[in-house]
C-alpha cells in the first residue's frame, strides 16, 4: 500500500499501458504513431518504477524515471530528425511503404 | 487511515483515464489526434505520479513530455503534414494483425499472471510522503548517481548533434 | 549511504578518465568541424589518438569499483577495453578513406562514433542497471544517427528509421525488465540482485528474460535479429564495422554480469534450455539464410547472427571457461568481422549502390591485398585452423563439450559446415571468376591498408599463438564475480 | 670350362633388352640384330657351359641365393635361382630354340619394319627370354611368378606388336586379361601354400609335403586346383584357351617362340614342378587329366576346319598342350615334359615354316589361296614335312616317342576313356596336319599372279633355323625310347626321375607288359597313319571334293566347327556384355544417382530453405517488431509459463 | 645450422616451404618464370633436407624419432610436439618427392597467376608434412585442416571446367568429416582432464586414457568418418573423381599421391591406438567396405570416358585394398598397406602426370580423342606403360609387392574371403587399365591432329623418370622400405593389443576418478 493505493492498481495500470503501447507499435503503420506507442511503453515502465519506489520507500525509482524521461526526450529528437530526413526521400512515413532494404 | 479511500479513487480514475487515452491514441487514424489524445493521457499519468508521492516526476512529466516531446511531435507532423492512415492497420496483410492480436492476448495474460507475485520484496518503507521532497532527490542525483547523470549529459549532447546532423538541409558543407 | 557531499574523488576521476577523454574528443571534433573545417583531414588521427588515450588511461586506472560500486575497473574491463578499443580503431581507420570518398568527411561522424564508444565502454564497466541503461541508450542514439547519416542516400535513411524504431521498441522492453529487477532487489545495483530467493522469483525471471531479449536484440540474436541485415546494408560500412562487433561483445558481458549476479547456483534448466534454443535458432537461421544472400553486407549480417548463436552456446554453458572463451572469441570476431567490413569498404567504391557479391568477381587478381584479407577473414569466420576464428570456436566448443552439452556442440559444428558454403562462395567469386569490368582497381588507401593489415596480422597471430590471450581471458574470468561453478 | 653363376642367364638378355630399348632405335638395325640375337646367343653358351657340368655331375639341385627380396611379418622370400634336372631341361631348349628364333627374326623382320619397330621387337623378345629364364630358374613360387607375369607381359606386348591394327591390340589385351584370370588362381594357390607351409620356397614346401603327406593332403586338392587354374590360363586350356588363337596376330616368330615352344608350356612346367603336391591330391590330378583330354580333342576338332594356316597351328598347339596336361594328370610327368621338349622342336619348326610361307606369300595366311609351293620353296617344304610327321606321331620322328609315352601312361593309369580320346586326337592331328601340308604345298598355286611371281625361298637366316629344328624334330625323340625298344632306353625319364620323388603311401603302378605296349604303339601309329592317308587322299589326290560334300551334307555342324564352336561369341554374351552393363550400371546408378543424388539433394534442400526463409525479411519494420514480440512471448511461455 | 639439422629437422622440413612461399610474394608479377624456378628450388632443397631423415632413421627403434616438443598452449596442455616413425617417414619422403615432381611438371604448363600457384603448393607441402609429424591431437587437427585451403584454391583456380563445383565438394566433404572429429578430440582431452586433472592433447598422454565402451564407439566413429572420407572409403568416395578430374595435373598428383594417404595414416596413428576396442569391433565392417571399394572402384573405372576420372576410380579401388590390409590387422598386411600407400602415390602420380602430358598437348581428357599415338609419342607411351603395369601390380614393379603382401596377409588373417574377393582386383585392374592404354596409345590413329603431337618435354621427362625409377627400385628392393616400416608396424600392433588387454582389466573409470581425488 502506498498511502491508500494498493501496489497492484499501479502495476495493473502499468501493465495495461505497456500492452497498449505494444499493440500500437505492432498495429499502426505511421512511423510517428509507432514511436508514440513506444513512448507509452516507456511511460508504463515509469509508472511501475514510481509505484515500486514508493512501495519500497526508496527514491531510486524516481531517479530512474527522471533518467528515463530525459532519455525519452533525446530519443524523440533523434527519432523525429530521422523521420524528417527520410521523409525527404520517400514523401511518406508509412512503414508499409518503406522497404527498400529487404530479403 | 479509515474512511473513504480518496487516494485510491483518484489514482484509479487518473490511471483509467491514462489507459483510456492511450487506447484512443492507438486506435485513432489521424496522427495529430493521436498525439493530442496522448497529451491527455500523459497529464493523467502526472496525476498518478502525484498520488504516488512523486510530485517532481509529475512536474517533469508535464513539462518534458506534455510540453516538449509531444509538441515536437506536433511540429513534425505539421512539417510533414502526413494525413491520416488511409486503411486500418494491417488490413492489407491480415497475418500481421492476427498474429499481433494473439501474441498481445497471450502477453497480457502472462503479465497479469505475473503480477500476482507483484508485491514488493521489501516491506514498504516508513518514510511515506517524505519521499515527495525534492531536495534529497537532487542531492542523490549529484552524489550517488553522478556517473549516470554525467553519462546522460553526453547522451543528450549526442542526441543534439545527431538531430542537427540529420535535420540539416543540404549536405555539402 | 546517501550523504550530502558530492562523491567525486581522485579515484573516481582516475576511473572515469577514459570516458572523459572520449566524450571530450567528441566535443572537440564537433567544434573543429564547425570552426576549423581545414583540419578535417586530421579528424581520423585525432579520434584514433582519443581511443588510444582512453585505452591507456583505462589500463592505468587502479582496479576496483568506483562511483559507489557502479563502475568496475578490472582485468576484465581492461581486456574488454582493448577489444572495443580495437574495434573503434579499425572502424575509424576504415572511415578515414571511406568518408573522403563519399564527401562526408565530417566531425560529427567521428564524434558520434566516439560517443557511442563511451556508451559501449559503460556497458562493459557498469555495475548498475541504470548506468547500463544509459550506456545502452547512448550507444543506440549515436548509431541511430550514424545509420542515417548519409541523408542523400535513401537506403541510409531507411536504415536509420528501421534501426531507430526497432531499437526504441527493444530498449522499452529492456527498461521494463529493469523495472522488475529493481522492484525485487529494491535497488538498481547488480550487487543487490544477489540476494537469496531472487533466483526463484518469477518476476525476476521475467525481468532477466526481458534483459536477455533487449541485449539479445543488440547482439542480433534470432528472433530479435530482423533489423540487422537491413541496417547493415544501409549503414555506412565503417559504422557497421563497429556496430557489428563491439556492442555484441559488451552485451554478452552484461548478460553474464546480470545472470551471474542472480543465478549463483548456475542457470536454472528452463533458462538454459531457453538460451540454448535461442542459440540453435540463431545459428541455423543465420547460416541457412546467409546461403541465399546476394549482398555481401547482408551476408555478413546473417553470418553475424549465426556467430552470435555460437556465443550463446557459451552463455548456456555458463561457467568461467565459457566466459573466457567468449572473450577470446570476440577478439577473433573483431579481427575477422571488422576486417571483413574493412575489406568490403575498400573493395566497393560506389556507396550509393548496394554491394552485390557478384561485383567482387576477379578482385582476387585486381586488388590482391584487400581481396586476400577478405578471404582470410572469411576463412577465419568459417573457423579454419591457424586463423583466429578457429581459436574462438575451439574454446567455445571445448567449453560446451566439457559441460556435456554435446547436442549443442554437434549442432554448432554442423552449422559451421553449412556456413562454409557461403563463406567459400564469396571466396570463389573473388578468385575463380573473371572480373566484370576490366578497369584497373585504384590503389589501396593507406588507412585501409593499415586496417586490413592489422586485422590480418591479428588473425594469424591469434590463430597461431592463442596462449597469451587465453591466459589473459582466463585470468579476467577468474576475478569475475562468479558465485556459481 | 668355367661354370657361370645362374643369375648371368637372365641378366644377359635383360641387358640386351635395355640396350635395344634405350639406344636401339638410334643405332639402327645392324646393332639391334647383333645385340638382340647376340645376347641370347651368349645366354645359350652360358647356359650350356653351366648345364654340361651339371649333366655330367650328380645332378643334385643347386640353389643360388642372390639377395633377400621381400620380408614382412612372418613372410619372407628371397631372390634365388635353382638348377635341377627339370629347370635344366627347360633352360636347355628355351635358350637354344630362343636363339634360333632370334636368328630367324633377323631375316623375317628386317624388311618391312622401321628401325624403331625393329628395336622394339628385339627388345621385347629379349625381355621375354629374361622372363622365361626367371620363370624356369626361380627357386620359389614368387620368383617363378615374376617370370610367369613377365612372359605374360611380353606376350601382351608382342601380340600387340602391330598396335595400330585394332585386332592385334585386342588380341594382346585379351591374352593378358585371360592370363590374369589364371594368375588369380595362381595367387590364391600361393596364399594357400604359404598358409599351409609358411613358406613359398620349393625345397621347403615339397620337402614338408613329402615328409608328412597325411597332414597336408586334405587341403592340397584345393591348392592344386588353384594352381592349375593358373596353368590353364598360361597354357591355354579349356575354357581359358580363347586367347591363344587370337595371339596369332603377332609376328610369326613370336608365335613360334612364345605361343608354341616356350611360354605356353610354362603351365605344364609349373604342374610338373608341383608334382609332389598334385600327386597328393588325386582329385586334382583327375581334373588336370580331364581338362587336358577335353582340350586335346576339342582343339583338334576345331583345327580340322580352319583355313588360316597359323590358326590351324594355333589350335594344334592348344591340342598338344592338352596332351601334356593329360600326361601330368595321369602322373606321367616325365612323358609330359618329354612332349614339351619335342613339341618345342617341331612346333617351332612348323611355325617358322609357316612364317616363311607367309613371308613368301606377302602376308597371305589363307591356305585356300596357296598350293604347289613345294617346288617354289623346297627347304621350307621338306622341313615342314618332317615337322608335320613328327607332330603326327609317325615313327621314328620325335613326336612319336613322346606321344606314345603319354598314351602309354594314360593306359597304364587305367583311364581308358581318356586313352581313347588321346588316340582319336592323334588321328585328327595327323589329318589336319596333312590337310595343311596338302593345301599349302601340294597341288597348283591358287593365289594371284603377282603373288605367284613374288614367290621365293626365304633367306639363310630363316632357313638355317628351319633345318636345325627339323633335324631336332627327327632325333629329339631318341633320348626317350620306350622300354620295348631297350630297357635302358628311357634316358630322359631317368634324367628327370629325381624331380618326381616317390611318395610314401603312394602306390607306384607296375609297368605294362611288353605285349600291351606293342599293341598300343601299333594302334596309335595306325590311327595316325590313317588320318594322314585320308587327308592326303582327300586334299591332294582328289582336290578336296569329299570335304565339301560333307560340309554341304551337314552344314550346321560344319559351320559350328568352322566357327570354333562360337566360344568367343558365347563369352561375349555371357561374360563381357553383362560385365560392361554392370560396370556402367554401378556408375550411373550407385555413384551418380544414389550417392551424389542424396548429397546434392540435401545441399539443395538447405539452399532452398534459405531461399524461402529469406523472404521472411519483408523489409517492413512492423513485421520485425512482431517477430521480436513473438520471441518475447514464446520465451515467457517457456520460462515462466510454468508459474 | 647443425643445431637445426640435428635437433629440429622436422620443424625445418615443415616450415621451409612456408618460408619459401612467403619469399615468393617478393617476386614481381613480371618474374613469373623466376618465381616458378624458385618454388621448384625450394621444394628440391626440401627433398634434399628430407634425405637425412631417411639416412639417419634408425629402423631398430620402434618409437618416434627426431622428436621435438614445445609448449604451445600450456594452460591446456596443447604442445607443438613432432616425431616420426617408419610409417610417417615413408609418407614424408613420398611428399617431399612428389612436390618437386609436380612443380617440375607445372614449370612449363601453368601460366595463370604463377606465384599464387607455387605458393599454394608450398603451403600444401607444409600442411601435409605437418600432419604427418604431429603427435599432438590439436596440432594434428590444425595441419589437417590447413591442408584443405591450398588444395581448395589449386582445384578452384587452376582446375578444369567444373572446377568450382569440384573444389566446393572437396572442401565440404572433407570438412564434414573432420568437424565431428574435432569435437571428439575435445572430448578425449576433456576425459583425460577428468581422470588426471591435467589438460593434455598429447597422443602419448591420451593413450593412457580408457574410454567406456559406449563413448569409445561414438568417438571412434567420429574419427573414422573423418579419415574414411579422406581415404576415401566406398560410399564416401564421390568427391574424389570430381576433385581429381577437375584439379590441374600437379594438383591431382599431390591429391592422389599424398592427401588420400593421410586418411589411412590418421586411422593408423590415432583412431586405432586411441580406441582399440571399438576399432577391433568395427574392423570387419571396415574391411567389408574396403573389399567393396576394391571391386566397385575397378568396375566403375571401366566405363569412364575421361582419362583422369578413370585413374581416379582406380585410386578408389587401390585404396580400398589398402584399407582391407589395415582391417586385416596382420603384420604382413599392415606392412603391405603402408608400402602400398607409397606405391599408389608413385604409380597414380605418374599416371596423372602422363595424362597431364597428353592433356597439355591436346587439351582434352576424352579417351576417344586419342588412339594410336604410340607411334607419335613413343617415350610417353613407354613411361605410361610402366606406370600402368606398376598400378596393375606386375611383379618386378612396386605395385606388386604391396598388393601381394596385403592379399597374403589378409589370407592369413581371420577374414580369408576378403583376400579372395579383393584378389579379383588383379583381373579387373588389368581390364580397365589395358583398355585405357589400348584406346589411347594403340588402335588406328584416326584423329589427324594427333599426328603432330610434340613428344614429352625434358622437364616432364625428368619428372616422370624419377617416379619410374622409384617404382623399379621398390619393386626390386622393397626391403629397403619395408625394413623401416616393419618395426613401427609391430610396435603399433603391440601397443594396441596391450591396450586392449589393459582395457579389459580396467576398473570402471568413475571409481578410478574417486581414487584420484
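Just so it is clear, A, B, C, D and E label the chains in written order, and each chain counts residues from 1 on its own.
Note that in this section contacts are C-beta pairs under 8 Å (C-beta built on N, C-alpha and C of every residue); 3 or more make two chains touch, one makes a residue touch a chain.
Everything numeric here is computed off the predicted structure, so don't read it as measured data.
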Looking at the contacts, which chains touch chain D and chain E alike? C
Just grab the chain with the largest centre-to-centre distance to chain C, centres being mean Cα coordinates. D
Can you name the chain that lies farthest from chain B, using the mean of each chain's Cα atoms as its centre? D
Please state which pair of chains has more C-beta contact pairs than any other pair. A-B
Whole-Å distance, C-alpha centre of chain A to that of chain B, is 5
Find the geometric centre of each of chain B and chain C from their Cα atoms only, then give the gap between the two centres in Å, rounded to an integer. 30
Centroid from C-alpha atoms only, then distance chain A to chain C, rounded to Å. What do you get? 26
Inter-chain centre distance, chain C versus chain E - centres from mean C-alpha coordinates, in Å: 42
Going by the contact rule already set, what residues in chain C reach two or more other chains? 130, 134, 137, 141, 144-145, 148, 151, 160-162, 165, 169, 173, 183, 186, 202, 206, 229-230, 421
Which chain B residues reach two or more other chains? 90, 93, 96, 100, 103, 107, 114, 117-118, 120, 122, 136, 140, 145, 148, 152, 155, 158-159, 162-166
Set of chain E residues in contact with two or more other chains: 172
Hey, which chains are touching each other here? A-B, A-C, A-D, B-C, B-D, C-D, C-E, D-E
In their shared complex, at which residues does chain A touch chain B? 1-13, 15-24, 26-30, 32-33, 36-37, 39-40, 43, 46-47, 50-59, 61-63, 65-67, 69-78, 80-85, 87, 92-94, 96
Residue positions on chain B within touch of chain C in the complex are 114, 117-118, 120-122, 136, 139-140, 142-148, 150-152, 154-155, 157-159, 161-166, 168, 171-173
So, in the complex, the side of chain B touching chain A is made of residues 1, 5-8, 11-12, 15-16, 18-19, 22-23, 25-26, 31, 34-35, 38, 41-42, 45, 48-49, 51-54, 56-57, 60-61, 64-65, 68-69, 72-73, 76-77, 79-80, 82, 85, 89-90, 92-93, 96-97, 100, 103-104, 107-108, 111-112, 115, 118-120, 122, 124-129, 131, 136-137, 140-141, 145, 148, 152, 155-156, 158-160, 162-167
Okay, in this complex, where on chain C does chain D touch? 161-162, 165-166, 169-170, 173, 202, 205-206, 209-210, 212-213, 217, 222-224, 226-227, 229-230, 270-271, 273-274, 277, 285, 288-293, 418, 421
Hey, which residues of chain A end up touching chain D in the complex? 22, 25-27, 29, 31, 34, 95-96, 98-103
